[in-house]
Each structure stands twice: as C-alpha cells, then as structure tokens.
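There are structures below to look over.
Two complexes, one shared chain (chain A), two partners (chain B, chain C).
Showing the complex of A and B:
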C-alpha cells in the first residue's frame, strides 16, 4: 500500500469506514432503540417476558409450534429436494438450465405468492382439502418445502453434477464400495452431508421466521414471527397493554438466539462445502436416465403449480345465485385490483411503491454492501481478526427476522420522530435496506474472494491506481456477483412482507405483497380473492423477470443460496 | 500497515460521527413532511366502509380541503397509533374508536373537544358517552348469531342461557373472536362480564364459563372474519374459499342476519340470540385529535353526521345510523331479520378503561389455566 498516494488511500479507507459506520447505524441503531423502548415498558426481566409469551392466550404454544413446524418443514424440504437435486445433478437433461431455473424459482417468489398460491391450490376449486382444518399443518409443511426446496438444489446439485465419476468407479472396485449402501456410506454421505446440513439449517431459519404462510395457512397457530407482527401495534407504549411488549421481547430474544445458532452452524458447514473434491466437467459427470422424466415432471409441476394457480385464481370469480356457488371466468378481479377501492390502493400505486422502495434499497444496499465487502476482503490479508469480527457483525442482521426489523424501524425511528411513522413515505425502504444489505455483502464478498488476486496485482504492477483497478479490473470481474446481488436486493425488496406489514401503516404506502394480503382479507366481497390473486400474479411476473436476469448472471460452479 | 491503524490515522471517530449526524438528520426532523397546510385533513381510521371514495371526494369538492387517510387494522390499532403519535400534531381526526377504547384514549389525553353542535343524534347513541371529545357516527349491538337451519330445536337446542354453550351438544361448535385482537370479541367478553354479574364482589361465573367453554373446545379466532367466514355455518362464509363450517353459533352483530338477508333477496338462515345482558351496545366515534387541525376535523364530523351521509350507514357501513328517527331499511328483509336486544350488558366506558387490563388477564387465565 505504500505505492498508493496517501490521498487516495485515505479516500478508500474513509469510504469504507463511513460505510461500516452507516451500516451499523442503519442496522443496529433502530433495533437498539426499539429494544430500549420495549424494555422501558416491559422491564428488563427476560424470564417474565417468556412467561408472558407462554402464558398469554394470544401467543401460547407459539414456541412449540415454531420449533415443530420448522424442524418438520426442514426434513420435508430435504426429503423432497434431495431426489430432485440428484436427478438434476447426476443426469443429462434437455434444457438443463431451464429445468434448473423452474425448480429453483420458488425461492425467489415472495412469500405472499406462495401463500396465495397454496391457498388457491388447496381450496375447493382445486384439491378441496382446505375445509379440513386437520390438513392445515401439513399444508404449511408442504408450502415451506416448496419454498425451500431450491435451497437443497442450489447447495447439492453443483457437487453432484461435477463430482469426478472416477471416484465412484474406483470405489466400486473396493470391497467397501461394492454395494449401494457401501457407496452411500463411503462416498455420497461424506460428499452430501455438508450441503444437506447447510440447506437444512437455512430451511430451518426460513421456516422458523415464516409469517405470510402461517398467517394465511394455519391461521390460529402462530409462529414467534407472526406473534410479533400481531402484537406490534400496541408494543412499546408506556402504560398500555404492557404484555404485548413482553411478548415481542420474548419472541425476539428466542428468535435471535435460535437464528444465531442456526446461521453459525450453516456458515461453518458452508466452509466445509469449500473442501475440494475431484471435479469433472458436468457433461462428463452426468449420466443418462431414460425414464428420468417420470421423476422430473412431477417435480417441475410441483414447482410451478402454486404460481400457476395464482394466475388462474386471478380470473376465476365465485358467484352465488339462489344459495348456490359457482365459479365463472372473468377479468373482474383484475379490474377491481386495477381500480382499487376506497380502502385499497390501485394496483399501479402499489406497483409504483414496490418498485420505488426496491430502487431505494438497491441504491443504498449495493454501494454500502460493496464497500463493506471490500473492507472485509482487504482486511483478510492484513488483519484476520478484525476481518472476522467485521464479517461476523455483517452476518448478525441475518439473525433478525423481518418482523424484528419492522419493529426496529417502527419503534426505533419513531422514537426519534413519531411523525415519520405516518408521513415519511420512504420509511418502509429503510426496513428493506436493513434486510437486503447483509445479503448484498455476502454475495459480493463471495465474488471478491473468487477473483484471482493476480489480476489485481498485475494491474498494480502496470501502474494502475486503486480507482482504475476498481473500475477496470475488479468491477468487470465482479459483474456476475454484482448483478446477482442487485437482482437479489430488488427481488427481496419487491417481495418483502413481514417488515412492511408492520412499517407501512399508511395505506398509501401499500406494496404489492401488502395489497395482495389486504385484498385477501377483505370480507364480504366476492371479487376479493380474484383481486388478491391478480396482485400476486403481477408480483410473480416481476419476480420471474428478475430471476431470469439473475440466472443469466449467476455462475453455478459453486454451491450456495445465490 | 494494517487497516486498523490506518483507520485510526484518518480519525474514524470523525467519520463515524459525521455519518451519525447525517443519518440522524435523515431519520429525524428532515424526513417528516408534516403538513402545515390549513387545507388538509389527516384522518386516522380503519376500513370504515362509509368512508368511500365518493364520500371523500364530495367532501373535498365542497370544502376545498384535501383529505389524507391513514388506514389501520381496527379500533385498537387506532388507539395504539394515536398514543404513539401523541403530541406530534400530525393527525387531525380519528374515526373508528369505539366505546371499548374511547375512555383509554381520553385518559391518555389524545382527543380534543369538538366545537360542532350537531343536532339530531339519538339519545341511544349518546348513552355510552355524552361529552364532546367523541361524536358518535354509527352503532350496533354485538351478540351471538346462530344458524337457524341447524339450531332448530331438533338438531341443536336454541340456547336460553350462556351456560347451554358449555354443554356437550355444543362441543366444538361455537366460534368466538378473541377479545385480545378483535373489537366484536372484546365487546362480547365485556358482555359476559355483566352477564356473570361483575359488579358483585366475586364474579367467578365469568372465569368458570370461559374455562368451561375452553374445555368444550370453543373456537377462538384472531378476528371476526375468521370466526364468521371460516367457521360459522349460518353466514355467507359457506360460499367463500377456505370455509370450514364447524360452528353453528358465533359472535357478530344483532343486525348481521339482516345484512345477510339484504344481500340474499330477503333470505337468511342466520338469526340473532336475544339473551339478556349477553349483548354489548357498541358505538363508534369520530374524534378531533389533540393538536390537530380542529376546524377541518369538525367540518368533516359535520359532514359525516349529515343526513345525506349518516342515513346511509346501514347500507354503506352495515351499521345503524346514529341520527334520530333513522332505522334499518325495510328492503330485502334487512330490518325484519335484525333484532334489538331487550337488555344489553350494562358496563360503562369508565369501568372498561379502569379494568380492561385486569379483565383481559382474567380472561387469559381462564382460557389458559382454567379458573
């Protein structure tokens, strides 16, 4: 670094420091302010918080339900995802990329689309199992598995597709590898346990913090996340319904502890993933399976069914005549969603809100994410301990669920300025930034780590300054990760539901997921379900377009979520 | 040279301080665009159907005042929101606080007196509260509704006492919205307090009844919609997706069967249960918010209470008008299928405000631990 001009170097360091400070301020301060406010109301007695959580009718059973459904959902995800990942990774398919895209598209679908899609699919116009309350729990499990199946594919398929076939061939020659069980025990389990464990952990995290699906599918059973969301209006108010503050604090505490442990585990396991196995080009590793479509076709159908059912549901309208209900086909739902009503903003307004919030999130998360990722990356060479500390600090927000972030914004920011709660239109974007920035950091940090340092070194030897190296070497090399991070930020913000549900109290700020939710909850309107599905369909189309762009930019050589 | 040392060199404290100042500025005064405009009116409300686009547009055109709505979930959310926003002057008018929340709003000093002198509001509408801090705009009686096609004296007996609902024949067949999260649910819980004589020193009947209901598998739902649309067999829910239909009695309004009939060409199988002191008279209010634009708020209250708007409450808002001489319409069997309870629960707003936390605690204990 002695070769750098001190001014330039100071600029770089200054920018990074500023980015880190901004990150801490953006993420930590609203949460800290909210926690102080809640403790001010509820007192600082975690045991009492948890007793209230468990003893209140509104939240009783939420702890058990959250753990139970998360664990079962994660097992279901692995059970469904592993065979699909195996088929996709080990065999040759026509339109391989297209199949992979279809199978992994659920993960980028906003949770409200999953909820609306599954409701339509299980409703009496399709599977007809919704009327039986006994099916609700398992519907939720399948919905979570649908949502998270792509994690298993993302984590496992690259390894399955590129593992050198000679390893298995050699193992077959050995006594221990002569049987299928032997080969599973000595080859496939050691290879697959790290990615499977990582996908289990991540699936557990997403199921643990599930809100939209729980809100609509199991209704009377709450997760800690949904308990927080429904308690949020009266939480943090001195002298009024103090028990809701206790419930929120207890839920947050448990969530933070469980998510921290899960994410730490996932992170450790992912490091294991980086262990190198002998690799071969995918076309070499993959075999042929004549009847593969028998397995693959249902998997593809499973992936798209909820999305298609949302679209179908948007043009199906239930009419009641002479006490008899019948389904008719019309665009009335779309028209209603387009025009809005006295209590619902028009579709175009919600779309504009969603897009603008996504753009704000992108504009803040990306530069912030890049600066912090590059600070961590550069510290990895010079100060390992500091780099690990910063790495950990940027991972910490993952342990905050969307509802926690939403409460952080409402209780934290409104502590500074209560009018912001109703009058500062970009407020929901702050919650989105808090959620998207950690993802942007992770994606770009992975990208930075994958750049061969020799390029940068060669450019430096050739006399390029730091800014020139940034713009002419690193950014072009980082094009893929930057594009993926950008798309991910946009998609996450567009589909964000939990935090927006709490933050966007002003109905004029409604985003597409909130509008879909509101339409669905509107009583006494026969077009409400179709209108809700119409909004969800519009959102799904936007998510699919973003996903298609991301897929083009994404390298599939490494496993992982992104 | 490492990053840590370099950071020290350039004075990271300064950078951090600068960031904090910038960001704090961004999230404090600079971000709010509080309207000082005399020609605007910020209304905090929930989905009050009466506040339709047409109705708001008419008001805007007549007065030149621009209306901005902050729409929340329900009456309880309005109260929480007003408490959070207290002292900001950001809100002018609250529409939708009901008599279960009103006294708490008054105790928190959230409301100011209306200067309007509206004539013709019925004495009944003024019965829970007569002051000027809240002006009634609609009302209704919360009571049990039952499916008369099943609760017909043959398949199931029509209850003559709330205790009947704790009997075996009603096991798992009663759906009640939670008083923790639903206004009708809260109203009904308050009615049961009077039903079980809460004014006496010991009112164990309240705890015993609710815990017996729990033992009898009562279905408690988060809101009215879930109880009425998903579980209740007597209403329009049976035509809705996701309908279960396992409850033949639920909590709604005593005029809900009238609404059903009005929508269905004078036909409904839903009926209201007229049990003394098992119903709760609910009044919803429009209130000038402390620190808000009282003049504009009063203009809107006058408009809301005008004959042209308020007389339409039964069809626009599915609630009674508060104006003297107004009733539910005869068309479609609306009035015919609606009842007015002989004796509502007698429980004052003051008593509610003073005791609601303790009562909710008591309800909670009955539902989670038994009496």
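Showing the complex of A and C:
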C-alpha cells in the first residue's frame, strides 16, 4: 500500500514540518535576536570589535591564550588517551567493562565537578601547588586532558578491540609487515588516524569553549568563553559600556569561525579517511599483558581522583589559626549546603531546579529531536540536497558556545519581554533545550541510519501503516539510541554551567552547578569549600547514576556519540 | 594451518619445513603465505597499494597472472568476491613464499567462479613450483586442486 495521500502520512509530514519550525524558533531566533541587539549597541564593524577585544584590559591576550591552551590540551589528551585506549582495546582485562566505564566517566562529569575536583587535588590539603602561578597553566592542560581523555578512548578503543585479527595476521606474513614499524605504518596508522583526528578536533572544541575550568584554575588568564561570560552582564545595554558588546561580538565571531572549521574538519576527516575495516566475526581472543596494570592502574587513578577528591573535600573542613592549617572531618559542609544561607539557596532547592530543568529539556528535546532526525532520515532517500541542508542546520548550534547560547536567551528573550528575565522561571531550561536538542538529533539520526531498511520494508509488505511501523518497528528498534539520547539530555542539562551562569546566576533559579560555583566563591567562610564540594558530590552521584543507565543501554557499536 | 604459518603456537608437537624446525620462528620470518577464507584486503589502499605490501615492483605482472590486469588503481571496495580473492592470491604470490596455505579460500564465492578460480590457482602454483596446502570441506574441490589428499575424520576412534 502506498502511504502517499493517507491521513496518517499527512499527519507525519505536518508534525515534522512543525518540529523543524519549532527548532528554528527555539534555537535560531534567540541567537539572532541577541546578535542584532549587540550589533545595535556596538555597531556593525567586525574589525573594531576584534580591536576592542585585543586591546581592552578585560580581554587582552584572550585570543592567544585560548588557541594556545586548546592546542596543547588536545595534544596532551591524545598523548594520555591513546596508550590507554591501546591497552584497553588490545589486551584482556578482568572487569573490562567496569574499567572502560571508569576511564570514560570523566567526560560525563559536569565541568564544575572537574573544576572543584582539580582545585581540591591541587589545593593545600593535597598536592599544594595552587598558590604557585607557574603551575596554573599546566594544571588547566591536565584538567582538560582528564576531561577529554575518554573521547580518545571512546573513538579509538572499539576499533582496536573489534578489528578482524586477520588484518594484522595477514600483514605479518607479508614483507611490508614483518617489522613492528611496518605494521604501524601500513595498518595501525591508517586505522587510527580518523578516530584520532576526530578526537583531536573534538578535544580542541571542548578546550576552546572551556569555561568552568578556566574560571577556577587559571584565574588571571581568560579564554574567549570566559571573557564572554564576564562581559555579559553589561553587554547589549544601549549607551552603557558599549565595549563589552564589542568584546562579546568579537569573541562569538571568532568562536563561531573556529568551531565551525573544527567541526567541519572533524566530519570531513571522518568521511574521507574512514574505511569500513572488517570486524572480527566473533569475540576476539586478546592477549594478556603481564605488567599491564603498571599502566592501567595510574590511568584509573587519574580518572577517579578528582571525583573522589570532591567527595573527600565535602567532609573535610580546613581552618587556619595563627598561620597553621588544620583539617577536621565533619558533615558541617553538607549541613551548610542543605540549609543554605542568606545568599545561597538550600541544596534541595537547587536539586529540584536542576531536575525540573532537566525534565523540561528532556520533554522538549526528545520529541523535537526524534521528529527532526526522522525528517532528515527520510529526506536522505527522497531529496538528498534538502536532507544535507537540514542536517547542516541542525549541526550549526554546535558552533555556538554555551556562553553565547546563554546570551542568546538573556538578550533575545528580554528583547521580546524584559520582565521574562526575572519572572519566567523556565528560562534556564530554554538554554538547556538549545544545547541538548542538537545532541538528541545526532544520536537518534545515527540510530535511525543503523536500522536496516529491510525491517521497514518487511513491515510494509505485512500491511503495517506508518503509525504501526513507528510504534511496533522503529521505536522498539531504536530503544538503545533513544535511551542514550534521553540520558544524555538529562545529564547535559543537570551539569550545564556556561549558559546557566549567564541566565540564572544571582537568581532564585540556581541549579546545582551554579550553587557549587557560588559556594566556592566565598573564601571567607571556612565551611564554603566543603559546602561547594558537597553540592558537587550530589551532582556527581546523579551523573554517575545516569551514566550507569546509559552504559547499559549503549549498543555495542564502534565509537561514535556518547 | 595457523600453527604451520606461526600465527598460533601448537599445544604439543613441532612444526618442520624442509627438515628445519620452524616452531619457534615468528610468522613473519617463516616465508609461508596464507590465503584466508575471506580475502583480507586493506580498504585504505588501492589494488596496487595492497600489492605493494608484498613487493614494490612487479605489480602489473602479478595482476596479469591472476587475470586482474589494468585494475591497479581501483579501490578494493569496488572488487567483486572473485576479484578480491584473486588479488589476495596475487599479493601472496608476489611475496614469493616458500609455501602457500589456502584456508578454504573458495568457499565464500559462487560455484561457477570457484571452479574457474581453482583451475587458475592450480595452474599458477604449478607454474611457479610453489607447494601449497588447501583446507576444504568440499571433496570435489580437493580432487580438482590437489595432487595428494589427506582426509581428517574426527569421528574415527
């Protein structure tokens, strides 16, 4: 039966069109409104914006610093991640899946937890290098490598673990593969360059837009992202500190260009170099490495150290009397976080806000993401050019940083209705939706593409209509990607910091990351650090629980999205 | 077969080749070629690129020997099943092995093509004087290809 012309078919087309319109309205329009407002204040002269960015005391050196730390962070990430991915993929380990989960958990940790964890680790009670300015830069690099190492593992380990062993065996029997260097040159490099390049680009993007880590670790040096966040309170106001609008415009322009190029490069490298290497027909019998734990144990320790230090820091209170520091162990930090203070909301309020915003993000991002992913997928068969255009449009938000999205919401919405900024409580959720929807689309689109077309065709010849095929074939087959996308939306929203910092800081709508940040910013209170760590611990527990569910749902595929 | 070419260590016994104990010789130094059941071709390399793993010269002759002349620049993903197996054979022969092991290389291709390929491979190996061991479940295939046949019947006591 041909679906064309049926009422259900028209309903599906209508829903998809509506979803695309909603996507443009929700995601493109706030950014566009914010940009127009900033240009209205600063004028339309990009050269002047960049000169102000480079010359102003608030932002001088930010461009160089952003590029330098991103490049070094990306190299450090690859240097740390590749040996770990190799060890994990090529050798047999006891509790392999547990090790993989522990090694990749940093990436799903909210950046504020990474910041709090690294601060505690480098603080006086641990490594004691916080007071030395010379160590700030390298601490940031290590922090970024910690955060992004799991990208390299996720991209490289599956192909190392599942590559058909006959590829290497055959090479060993040929003259060009008789030496280790020959096998590296002719097999491992071609196999690993695409996932390594993709993880380098992604690592560069995440380091380039890093905010929480830069805000807390380097203090004096700013990235473009932190410059935008600092400048945002006064940006976009007619006749008031117009240079901040110029700084924001210049920063977002550079970020947009660099992120677009990086993401384009990552996808091009993947497309051009990725070959379909044969997978092992059955589970590969991998070798044992007698001294493997000498490498693996430090990697595992490195992965969990910041998270554990946050938990330990939540029950340790440091007091300084007569120049001597003393640690006491108590739940006072937790109690302070639980009760809140004059300027801080209680932990339960922040948790309720975070969960509520996460649920709103989920409720909007998932159906929207599914409809748009379905539209792109079906257009791929009927109108290739249109599907590519839509695919590109849904990826465009990746080129905006969280700070720009926060500004989009703040400036864009207040332009429509100034009272909304203080009265419309779901406002932070709008920023979260803007960030989570593109991810939901990518994950579900990958899932839809992986479904064999014959499944749908077999259902058709059985007489199933579009709705029956959706509910009885597609959605059950998509259970894994849908669950992963849902968990990802929840986790992203719960841990979101950059956009929330601009939209909801100093409001009653504080989320857990904002509360952790605010407590950390009260150095005179001896319990503040413990309270901050207590909030971060609560957030880490939620992230780990979500991660555990996602790990169970994640299909056993090669690399790809989280 | 994997023990003969050194990819696996035997649980017991030794492997001798021309009277020489090669049990502890690594597979890359034994000079024994292997054709896998499914041809193992490297998708990042062209036909010629795959041959270059065996030798940097003589590609055209090798391709001509297996009937793939003129396909040097073609990507391996564009080869048919029979062409892929011919290329794997050309590559194995180009490395000038002392012996060639064939692990059911004709089982994954259709009957007509496999019959032609068996004849071709036999002629090529005979012409080169290269000893070969073929493992197969197909008696007819073994009879067409081999000078000597050894039956392995695990059901016998």
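Criterion: the second predicted complex is superposed on the first by the 543 of 562 C-alpha atoms of A that agree within 3 Å, B and C clash if a C-alpha of one lies under 4 Å from a C-alpha of the other, contacts with A are read in each partner's own complex, and residues count from 1 in each chain.
FYI, contacts are C-beta pairs under 8 Å (C-beta built on N, C-alpha and C of every residue); 3 or more make two chains touch, one makes a residue touch a chain.
Model, not experiment: these values are computed from the prediction.
A.B. asks: With the two structures overlaid on chain A, would chain B and chain C clash, or do they fit side by side?
C.D. replies: On the superposed model, which is not a single observed complex, chain B and chain C fit side by side.
A.B. asks: Once chain A of both complexes is superposed, is A:325 in touch with chain B (first), chain C (second), both, or neither?
C.D. replies: The answer is first: A:325 touches chain B but not chain C.
A.B. asks: Kindly classify A:177 by the partners it touches after superposition: chain B alone (first), chain C alone (second), both, or neither?
C.D. replies: second
A.B. asks: As a test of reading the superposition: which chain, chain B or chain C, is in touch with more residues of chain A?
C.D. replies: Higher number of touched chain A residues: B.
A.B. asks: Contacts for A:416 in the overlay, against chain B (first) and chain C (second): which applies, first, second, both or neither?
C.D. replies: In the superposition, A:416 touches chain B alone.
A.B. asks: Applying the touch criterion given at the start, work out whether A:186 contacts chain B, chain C, both or neither, answering first, second, both or neither.
C.D. replies: Touch partner of A:186: chain C, not chain B.
A.B. asks: Figure out whether A:10 sits in contact with chain B (first) or chain C (second), or with both, or with neither.
C.D. replies: first
A.B. asks: Which holds for A:167: it touches chain B only (first), chain C only (second), both, or neither?
C.D. replies: second
A.B. asks: Using the superposed model, determine the angle chain B, chain A, chain C defined by their C-alpha centres, to the nearest 10 degrees.
C.D. replies: 160
A.B. asks: Tell me, in angstrom, the smallest C-alpha to C-alpha distance between chain B and chain C in the overlaid model?
C.D. replies: Scanning every C-alpha pair, the shortest chain B to chain C distance is 30 Å.
A.B. asks: Considering only the contact definition stated at the top, list the common interface residues of chain A for chain B and chain C.
C.D. replies: none
A.B. asks: Using the touch rule from the top, collect the residues of chain C that touch chain A in their complex.
C.D. replies: So the residues of chain C in touch with chain A come to 5, 7, 26-29, 32-34, 36, 38, 40, 42-45, 52-55, 77, 91-92, 95, 97.
A.B. asks: Can you tell me which positions in chain A touch chain B when the two form their complex?
C.D. replies: Within the complex, chain A contacts chain B at residues 1-2, 9-10, 13-14, 16-18, 21-22, 25-26, 29, 55-58, 60, 119-120, 123-125, 130-133, 219-220, 230, 233-234, 236-237, 239-241, 318, 320, 323, 325, 341-343, 375, 378-379, 382-383, 386, 413-414, 416-424, 426-427, 430, 505-508, 521-524, 526, 529.
A.B. asks: What residues on chain B touch chain A, complex-wise?
C.D. replies: Residues in contact with chain A: 1-4, 6-7, 9-10, 12, 15-16, 18-20, 23-24, 27-29, 31-35, 42, 44, 47, 49, 51-53, 55-56, 68-73, 76-77, 79-81, 83-88, 90-91, 104, 108, 178, 180-181, 219-222, 224-226, 228-230, 236, 238-246, 263-264, 267, 357, 363-364, 367-369.
A.B. asks: Could you please specify the touching residues of chain A with respect to chain C in the complex?
C.D. replies: These residues of chain A touch chain C: 164, 166-167, 169-179, 186-187, 190-191, 273, 275-278.
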